[in-house]
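Attaching a single structure in structure tokens format; questions to follow.
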Amino acid sequence: MIELLHEALSKAKPYLEKGKPAEYIPALLSANSNHLGIAVATIDGKYFSAGDIDVLFSIQSVSKVFSLSYVLQKFGTEKVREKVGVEPSGNPFYSLVQLEYEAGKPRNPFVNAGAIAITSMIPGEMADEKFLNLKNFITGISGNPVQMIVDVYRSEFDTSHRNRALGHFMKHFGVIDGSVMESVDTYFRQCAIGMTCEQLAQFGVYLANQGVNPKSGNTVLSKEQTTFVNALMSTCGLYDASGEFGIRVGIPAKSGVGGGILAIVPGKMAIATFGPSLDEKGNSIGGIIALEYLSQKLSLSLF
Amino acid sequence: MIELLHEALSKAKPYLEKGKPAEYIPALLSANSNHLGIAVATIDGKYFSAGDIDVLFSIQSVSKVFSLSYVLQKFGTEKVREKVGVEPSGNPFYSLVQLEYEAGKPRNPFVNAGAIAITSMIPGEMADEKFLNLKNFITGISGNPVQMIVDVYRSEFDTSHRNRALGHFMKHFGVIDGSVMESVDTYFRQCAIGMTCEQLAQFGVYLANQGVNPKSGNTVLSKEQTTFVNALMSTCGLYDASGEFGIRVGIPAKSGVGGGILAIVPGKMAIATFGPSLDEKGNSIGGIIALEYLSQKLSLSLF
Amino acid sequence: MIELLHEALSKAKPYLEKGKPAEYIPALLSANSNHLGIAVATIDGKYFSAGDIDVLFSIQSVSKVFSLSYVLQKFGTEKVREKVGVEPSGNPFYSLVQLEYEAGKPRNPFVNAGAIAITSMIPGEMADEKFLNLKNFITGISGNPVQMIVDVYRSEFDTSHRNRALGHFMKHFGVIDGSVMESVDTYFRQCAIGMTCEQLAQFGVYLANQGVNPKSGNTVLSKEQTTFVNALMSTCGLYDASGEFGIRVGIPAKSGVGGGILAIVPGKMAIATFGPSLDEKGNSIGGIIALEYLSQKLSLSLF
Amino acid sequence: MIELLHEALSKAKPYLEKGKPAEYIPALLSANSNHLGIAVATIDGKYFSAGDIDVLFSIQSVSKVFSLSYVLQKFGTEKVREKVGVEPSGNPFYSLVQLEYEAGKPRNPFVNAGAIAITSMIPGEMADEKFLNLKNFITGISGNPVQMIVDVYRSEFDTSHRNRALGHFMKHFGVIDGSVMESVDTYFRQCAIGMTCEQLAQFGVYLANQGVNPKSGNTVLSKEQTTFVNALMSTCGLYDASGEFGIRVGIPAKSGVGGGILAIVPGKMAIATFGPSLDEKGNSIGGIIALEYLSQKLSLSLF
């Protein structure tokens, strides 16, 4: 397996120069475009990794998987579906247009609006209380603590007026219950959570194992809730490139503009990649190629 | 298996009254809402079926799978992707809006615009020649001939100005090469192809078997092309309910407003259902519930 | 003239029951639907009025005329046009959609987004400072002071998340320079400015007189700037009913959901109406009918 | 007056090189960018003109004024308003988007969809019959015959799939009653009507004279219908530059991509300009500047 991971990275390396890190905040722009790492966590508790596996990066939109899992565990699928839809949007992840045409209900939990709606459900009045609850949930998965990267959070907080707009717009339609400011602030914090790609695979492997973390034995989600998350990752996980990813890789995945991708092979393993060089749609170039290679070699595609 | 199929139908029957047949053409409106049938074709050549399996129905949008397969076989994936995208649209299948915002290129081959663009690629000047080629292709899959239901075709031809609008709009942007009228006419014919649900399963099972029809041994598509079709069915196959279907059933599928659904379990089987009572999004109510039941009992979900 | 004004009100009275006051904030909902008043201020300094002319109402969107005039006077047409367009939007006045498609630049100064962009240009760091400057400008027109209606302001401030969303969205695109919160807060205050319809006519008559207030002799705008405002009122002044108003009345006007309308007959007079019973597009039913009557009797239509 | 007209042309000439003729059909592309002409027809029957006044050009969208006048005369305002709205669209004149969101009803008679809907109301089964009726109507205004420019018509007929799309889309929604093909064909013919700018002013002057042609004495429209047309030209006449034109020129006008503009000064005169060098929004550069100059010199602006 290790050898395959190295091959996957070698395959992907030459393409890194075709992309660049996310530009919208300084803390992301300064990432090293040449970084590339991959890690596997299997459902029988084994770990494999290769490349830049010690680099801490902000998981950004991959955090949407964890916040969604948290509110699913806490409130169940039905309550979650009152707040967000489950269909692909056909629009960029940051778009406001669909919200206006559809009475403020986000298309799915992985577009920004949907993620903010999900985050607004996290218990707590203020952002620090909400975020503490989310952190405790994530820590509870495997027992390892996580921290947010303060620089990234500060950058997000100072600049992300588009996300604030999404929050106020949903508040107008009654989709967000509490304070817009605190919900959006919490969202910025969760996006700034730092992980290595080894950690990301380890934290995410419950989705490959019917909701149970294989090491700690903790049940994060029910089998049905796990299917819910994986199915959504399959149709909506890679922003407006989910269809393409389905063709090329064929497994549920969620990407983030920090360069991380968490991919799930149900019944087998979680694979996490990190490579901050992004393509035009905001997905890690190296990560996708490495995953495509692994998918072919190990016949991972579900299709 | 037969018993399971009967259970699936029993489970679904009570829900049929919540829907109704497609209303936009008389030939569909007159369908019997109580009809419900299911058929399975496995990759080792076995057939199972239950319910109303002798009723001929127009396959409508399920035909998009066959026309796509035809042009994939004929011209390859690359040529196809020049004409249509591979992402979910987030809009109704009949929508013109996305076309205007995206220079006339349809989002994917399963929205109406995309299917018409695909149909325009079928060799032939006139509609009858194009349709003959498509029929020959379908017949070639298993050796059994197919016919179009003339009443349905006439109805479509007389009423479907929205599809004509899509055709002219794409012609304006240069997406359609030949005559709009002939392409749209061909599209109406393919939608009017009549099959029983047994036939649909038998004609579709190559998609579960890496592109090869298990009975005839004919190679319809390459393995890679098969993955292409299945992945697209997974993200875009059930109109604007593809996400929901992924959660509840979890396998690639394509539905039609005639009441048919073709579902593919890669490496295992094709399942076809027929039930003309449709939900608000145009999908067969009974078909989806029967598929959901089978998916749970046989653990078919990919997620 | 007075007699004509009374006739206009009599003509309009029976239609008031077909509408209702604005519902989105309590302070407006409680308005008396039967109120109807009209006032004329001519360019030679004469005043005429009839009906409920002593009722103070919040001028709401009519305030957009004054804030636009202020920044035109202060910065000139060119600077204003950098911030906002001059074309009708074809969308509801509160819409975010156009902003997303057009890089955050509002279509014109009279949709909410455009008005907030204009308000953001008013000198001052904080909302109270900005609003003081605007009040001083308005007072300077005729020498009479204006006040905001505190209840209305409080209501707006507590509820209007859609306008906050507009503000943050424009900030994202760099259209708003300073603080979103202070600009939006200022906007809420200007909307809550209270006037009687007599005051409204007197404050607005400079637009009928090439920019000069006939009583005070103060030059509010240049002739060219006055044309700019009047032309915009003509194409964009009555939300998504500007075309209809052009046909029925045929003079530049700006309406507000508080029930006020300020109409300008260039070279002749300003006419202000007040009637809080609104039609579905948010315009005063009684005001429009009264203006239509006057337009016919006095041949005021420009067309 | 003649001197003024020459001055206006001189003022405009240097700007002609900044634009270019319409490119979408060969017959328009070959127009001479340096051509510029202007003609005035006053309500007391006087004619003035300067520049390239003998060049025949296709009136294109200016024809929408005549077809609208025809159906207004024939069926009255109410019937017309059942087919089309009276509000600016905020979208390009060729757009389909608004139609989809608003159930196929065009925003106004001057966007292409609206004009086709109006043309579909012209009596006659086939295009040649419909067009003959329209030609007879136009001829009846002043007694002078008009012809279509065959090359232009052929070009339009061969290429304009977008307009066909609009027609079929409206047919889908029931807005067009008869044959889409014949209505669209008629529309192409009316767009290809050839006039000199002198003719255009003479044919259009009834709009400045309460509906009556001053020379022939024929009543084309009632006073109320004339106001209807003029008001619509004011808010929707110059495509998506109507607001801008209102500011700079300030009178009702309708432009065409053939380079013509018909401008109406109610109670005074019609002014027609011809200059095929177009700006980005499809309006005659020279025509607008010449009209702006005249408007300033003669104080024609209504605002």
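The first chain written gets the first letter, and so on, giving A, B, C and D; residue counts start at 1 in each chain.
FYI, a contact is a pair of C-beta atoms (placed from the backbone, for glycine too) under 8 Å apart; a residue touches a chain by one contact, two chains touch by 3 or more.
All values derive from a computational prediction rather than experimental measurement.
Hopping across touching chains, the smallest step count from subunit A to subunit C is 1. Centroid analysis (C-alpha atoms only) places A farthest from subunit D. One inter-chain figure worth recording: subunit B and subunit D are separated by 46 Å, centre to centre, where each centre is the mean of the chain's CA atoms. Computed centre separation for the pair subunit A/subunit B is 32 angstrom, with centres defined by C-alpha atoms. Centre-to-centre spacing of subunit A and subunit D amounts to 55 Å, using the average Cα coordinate of each chain.
Residue positions of subunit D in touch with at least two other chains are not found. Pairwise, the chains that make contact are A-B, A-C, B-D, C-D. Those residues of subunit B whose C-beta lies close enough to touch subunit D in the complex are 95-97, 99-101, 160-162, 164-169, 171-172, 180.
Interface residues of subunit C, counted against subunit D in their complex, comprise 85-91, 98, 107-108, 226-228, 230-232, 234-236, 240-244, 246-247, 250, 252, 266, 301-303.
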